[in-house]
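Read the structure below first, then the notes.
For clarity, chains are labelled A, B, C and D in written order, and residue numbers in each chain start from 1.
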Amino acid sequence: MPSSAEHLDRVIQEIAAEMAARPDRGTVATYIPELARVDAGAFGLVVIDADGHVAAAGDCDTPFSIQSVSKVFTLTLALGMVGDRLWRRVGREPSGTAFNSIVQLEREQGIPRNPFINAGAIAVTDLILSGHKPREALGEILRFMRFLAEDETITIDEAVAASEQRTGFRNNALAYYMKSFGVLDNPVEFTLGVYFHHCAIAMSCRQLAMAARFLAHSGRNPSTGLSVVNPERARRINAIMLTCGHYDGSGEFAYRVGLPGKSGVGGGIMAVAPGKASIAVWSPGLDAAGNSHLGRIALESLTKRMGWSIFGA
Amino acid sequence: MPSSAEHLDRVIQEIAAEMAARPDRGTVATYIPELARVDAGAFGLVVIDADGHVAAAGDCDTPFSIQSVSKVFTLTLALGMVGDRLWRRVGREPSGTAFNSIVQLEREQGIPRNPFINAGAIAVTDLILSGHKPREALGEILRFMRFLAEDETITIDEAVAASEQRTGFRNNALAYYMKSFGVLDNPVEFTLGVYFHHCAIAMSCRQLAMAARFLAHSGRNPSTGLSVVNPERARRINAIMLTCGHYDGSGEFAYRVGLPGKSGVGGGIMAVAPGKASIAVWSPGLDAAGNSHLGRIALESLTKRMGWSIFGA
Amino acid sequence: MPSSAEHLDRVIQEIAAEMAARPDRGTVATYIPELARVDAGAFGLVVIDADGHVAAAGDCDTPFSIQSVSKVFTLTLALGMVGDRLWRRVGREPSGTAFNSIVQLEREQGIPRNPFINAGAIAVTDLILSGHKPREALGEILRFMRFLAEDETITIDEAVAASEQRTGFRNNALAYYMKSFGVLDNPVEFTLGVYFHHCAIAMSCRQLAMAARFLAHSGRNPSTGLSVVNPERARRINAIMLTCGHYDGSGEFAYRVGLPGKSGVGGGIMAVAPGKASIAVWSPGLDAAGNSHLGRIALESLTKRMGWSIFGA
Amino acid sequence: MPSSAEHLDRVIQEIAAEMAARPDRGTVATYIPELARVDAGAFGLVVIDADGHVAAAGDCDTPFSIQSVSKVFTLTLALGMVGDRLWRRVGREPSGTAFNSIVQLEREQGIPRNPFINAGAIAVTDLILSGHKPREALGEILRFMRFLAEDETITIDEAVAASEQRTGFRNNALAYYMKSFGVLDNPVEFTLGVYFHHCAIAMSCRQLAMAARFLAHSGRNPSTGLSVVNPERARRINAIMLTCGHYDGSGEFAYRVGLPGKSGVGGGIMAVAPGKASIAVWSPGLDAAGNSHLGRIALESLTKRMGWSIFGA
C-alpha cells in the first residue's frame, strides 16, 4: 500500500472521529416514517482513489436511501439513451429556488431548470421510461447501478417507495404541471412510479463511491478500464453537479467544499475530485437547504486536507 | 521558451484565426452609444501560464469596457476590507434570473443572491464606499486594478461612466430597493456613482489576464510572489465565479467551458484555470444571456485543447 | 305586460341584433373537442326582472357548457354546508394572475386567493365532497341547480366531463399542489371528478338567468318567495363576483359593465343587477382574458341602456 | 330637516359611539414621525347625502394626511387632461400583491396594474406633470381639491412631504423601475416630488366627504349642479375604487362594506354610496393590509344600517 493511501486512510479516520464528536447533527427528514426513524447519529465516509484504494470509515456499509443522488445516474442513463435531445426537456442552469418549487415552471413553460431539481429529474425519468413499461425502465436503472458499483446486492427499498408514492403530492403537482405543457410523454402515474422507486434505491457509502468512479476518471471505471461515458460527458455531468447538485445550497457547497457533488434527502452526498477520487458520505441530519449537515462539513474538511478543491490549491 | 509555451502560443493563434473566420458574432450591446459603436469584428485573447509566459492573439491590447468583470475585483477588495461580514449583505447562490432582476430582491428582503448580479455588486460597492468619499473609494479600486495588472495606464472611460449614469434607471431601482431594506449604508447616488465608474474601467485582454493571475495561483502573483489574498479566499472567489459568473448563463458556461470566469456586457470574459493559467478574451458581440458569444466559444475551444477543464480530463 | 317589460324586451332584441351584426366574435375555446366545435356565431341573452318578466333573445334556449359559472353555485352550496369555515381554505381577494396560475399558491402556502379561480373552486368542491361519495356530491350539486332554475331537465354533458378529465393536467397540478399543503381533504381524483362534472353542466341562458334570481333579490326567489341564502350572503357572493368573477379581466368587467358577474370558458356569463334583474348571456367566442367577447359587450350595452350599473346612474 | 336626515344623524352618532368604545384600534403607521405621533384614539365620520345634508361625528374637522386617498383625485385630474390615453401607462386590474410590490412590474414590463397602487399613482402623477414644472402641477392638484371640497383652506403638510421624500426609497425604486421601461416621461425626482406632496395633503373628514360628492352623484356636485366629470367616468372611477381601492384588502372591503372606496395609510377612507351619499371616515390605526381598522368596521356598520351596499338590499 503506497503512503498516499495511508495518508488518505488516516485523514478519513480523523474526519470520521471529528464528526462523531460533534453535537450539531442537523435534522433528519420526517416526511415519511422510513426516513424519520433513521438514526441521526449515523455517519459513513468512503473515498476511492485513482489506484482503486478504498478508504472507509464509520457506517460505511450501512445502506441508506440515496434519494436525489439517484438523479445523477438517471441523467447519465438518459443521456446514453436519447443524447442531447434530453436538453429539449430540461435546462442546465441553477434554479435559484427550492428543490420542489413550481414557480420556475410557470415562468419557463414547464421546462425544469436542471435535471437535479425534482421536476427536472421527473422529466429525465420520463425519457428513460419512453417506450417501456415502468417495470422494465426500473429494471434498467437498477441494472445500471449494480453495474457501476460492481455489486449485485443493490436493491430498492419498497417500503420507502410506497411511502413516497402515498405522500408525494408535491411531485404529482410538478409532474402534472409539466404534463400540461407537454413536457412529459408518459402517464404521470407511470413516470412517478419509476421516479419514486429509483429515489428509493438503498446503497451504502461504499457502493455509492464505487458507482461514482466513472465521473472522477474521465468517464471510465479505472479498475476495469471500461468506459461508461465519454470524457466530455463525464466533465459535463460534473459541471451540472457543481452548479445544481445541492438545490438552493449549490453555491454554498461550491464555496465551501469545491467539488462536484449531489446530495439526497436521505443524508447521502456523492462527490468527485476529478482525476483523484470518488467519494460518498452519509449522515442523515439535514441543514436548512435539505443537504446533509455533517456530510457537507466532512467533505469541506476532506478537500482542505487533501488539497482537492477544483478551484485551486 | 519551453515547448509548452510554444504549444500554448500555437493554440491561441489557431483559436483567434478560427474566431476571425466565424460569421456568427452575437449582438453588440446598444444601451449606451459608447458600447454600441464598438467594432463587432474585434477579437482578442490572452493567456498567461504559471511560468508567466504571455500568449496573446488578436486585438489583445485594445482597451474595452470591462463592465461586470470589475465585480470580481470589487468583491476581492471588499472582502479584504470587511471580511466575511460582507456575506450579511449579499448571498452566494446562483440567482436563477436575469442579471438585473428585482423579483429576487422582493422575495429575499433586499439581500442580493450573489455579488455578481447587479444588485449584489452594488451592495459590495456600498461596502467599499463606507466611510470614504466616492472619489476616494474609486481611487482605491483603480489603484487595486493597476497593482494587480502591474500597469499604471489603466483608466476609467469617463464617457462610458457618464452614459451609464444618465441611463441607469434599472440600477437606480435596484439600489433604492435595497436601500428600502437597509442593505445600503450610503446615499444611493454616491454608491451608484462609484459603481458606474468601476464598471467603466477600460482594460485590454493583456491587462485583464495580468490582473487575474492571483486567482489562478492560490491568491498570489506568481511573478512577484506577492500574496493578494490567501489561498482559501482565492478558491472561494473562483467558486462564486463558477456558479454565478455569467448571470443566467452560468450553468451553460460551466457545462461548456468548465472554468471559473466572469463576463461583462462589454464583451470581455476573464477566466482562470486554477494552477495553470489566467485568461482574458474579448469579443463585443453578446449571446442571449448577455455574455460574449465568441468569447465563450473561444474559451470552450481553449479548455478542450489544453485539457484545462476543472471537471476532469 | 307593463311598459317597463316592453322596454326591456325591446332593449334585449336590439342588443341581440347588434351582436349578430358584429364581425368580431372572439375565439372559441379549443382545449377539448366538445367546446371547439360549438358554433362561434351563437348568441343568446335572457334577462329576468324583479316582477319575473323574462326577456329573451337569440339562442336563449340552447344549452351550453356553463364551466366556471358553476363555481358561483358550488360556492353557495358549500357556504350553506360549512358556513364561514370555508374561508379557512380559500381567500376572497382578486388573484392578479391567470385563472390557472400556480405561482400564487406557492406564495400563499396552498390557499387559493378566491373561490372563482380554478384552485379555489377545486378547494370549494372538496368541501362539498367531504363525507360523501363523489356521485352523491354531484347529485347534490345538480339537484341544487335544478331547484334554483326550477327545471328538472338540467343535466351534465358527460362527453365534456370525460374530455376535461382526460386533458385536465393543469387542474391536477393545482389540486395536488393544494393537497401537498393539506388544503384538500379528499383524494384528488375524487375531488377533481366532481369538479370536472359540475363544470360540465349544460344550461341555456334561460335556465341560468332563472338560477341566478336569488342573487339579484336579496337571497330569495322572487316568484316563490323562498329564501335560498340570507340577504347578507347574497350581497357577499355578489361582491366576490364583482372583484373576482372574470379571472384577470375582473377589473375590466367592473369598469365597463358595472355588474357582479361570473364568466365561463364555454362563453356564458351570468350577472345580476341587484334588486332589478338576473341576467345570462352566451356567446362562445372568448377574449384574451378568457371571457366571452360579445357577452361582455352585450352586458355593457345592457347596463348602459337600462341604467343598471351598481356604480351610479 | 327631513326625518331621513335625522335618521342618518342618529346612525352616525351611534357608530361613532360604538367605535369610541372599542379597544381594538389597529396600528398607527410609523414609517415617518409625522404619522407615528398621531393619536390612535382619534375617530371621525362624515356622511353627506343627496340633499346636501352633512351628518358628522367625532373628530370630523381634524385634518389628517390623506395619503393614498389623493390617488382618486389625481386619477380624476389626469383623465381630464389626457383622457383614455392614460390607460397606456397603467392598467385597471386588481394587483393581487401588496401596495408597494415591484414583482408585478417585472412581469408586466413596467406597467402598473392599476392607478391606486403606489406605482400606478406615480405613473398618473407623471402624466399630470408632463409639460409643467413640479410646482405648477402641484398647484393644479391643490386647486382641484379646494374646488371639489369648496374649501380654500386645504393645504399640504410640508413636514409630511419632507419626511416622505427623505425615506421614500421604495417609491424611488418603483419609479426608477418604471422609468427603465419608459413608462415615466419626467425626471424621477420631479415626479416623486409631486407625488410625495399630493400624498401629504391634509384634510378633515368633512372636507373629504365634500370633495367626494361628484363620485356619488353621477359626476356632478349636487349642490351647485356643476359637472366635474361625465356620469360614465364617475361610474368607472367608482368601479376602480371597488376593485383596487384597498390594496390587497380590496376583496375584503367589497365583501364586508360593499361600497367603492379608497383608503390611505394616514387612516382615512373615502367612500361613496352611488346616488345616495359621499362618506369620509378617519381612524389612524391600520389593519394588516394597511387600511384603517375602525374605519372599515364603521363603514361596514353604516352600509348595513342604511342598506347602502351596492350588492343588494
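A few remarks follow.
As a working rule, contacts are C-beta pairs under 8 Å (C-beta built on N, C-alpha and C of every residue); 3 or more make two chains touch, one makes a residue touch a chain.
Chain-to-protein mapping (UniProt): A, B, C, D = Glutaminase.
Every value quoted in this text rests on a predicted model; they were computed, and no experiment measured them.
Common neighbours of chain C (Glutaminase) and chain D (Glutaminase) under the contact definition above are absent.
Placing every chain at the mean of its C-alpha atoms, the farthest one from chain A (Glutaminase) is found to be D. Centroids of chain A (Glutaminase) and chain C (Glutaminase) (each the mean of its C-alpha atoms) stand 48 Å apart. Once the centre of each chain is set as its mean CA position, chain A (Glutaminase) and chain D (Glutaminase) turn out to be 56 Å apart. Chain centres here are Cα means. That of chain A (Glutaminase) falls 32 Å from that of chain B (Glutaminase). Not a single residue in chain A (Glutaminase) touches at least two other chains.
The full set of touching chain pairs reads A-B, A-C, B-D, C-D. Within the complex formed with chain C (Glutaminase), the residues of chain D (Glutaminase) that make contact are 91-97, 104, 113-114, 215-218, 231, 234-236, 238-240, 242-244, 248-252, 254-255, 258, 260, 272, 274-275, 309-313. Taken together, the chain C (Glutaminase) residues at the contact with chain A (Glutaminase) in this complex read 101-103, 105-106, 169-170, 172-177, 179-180, 188.
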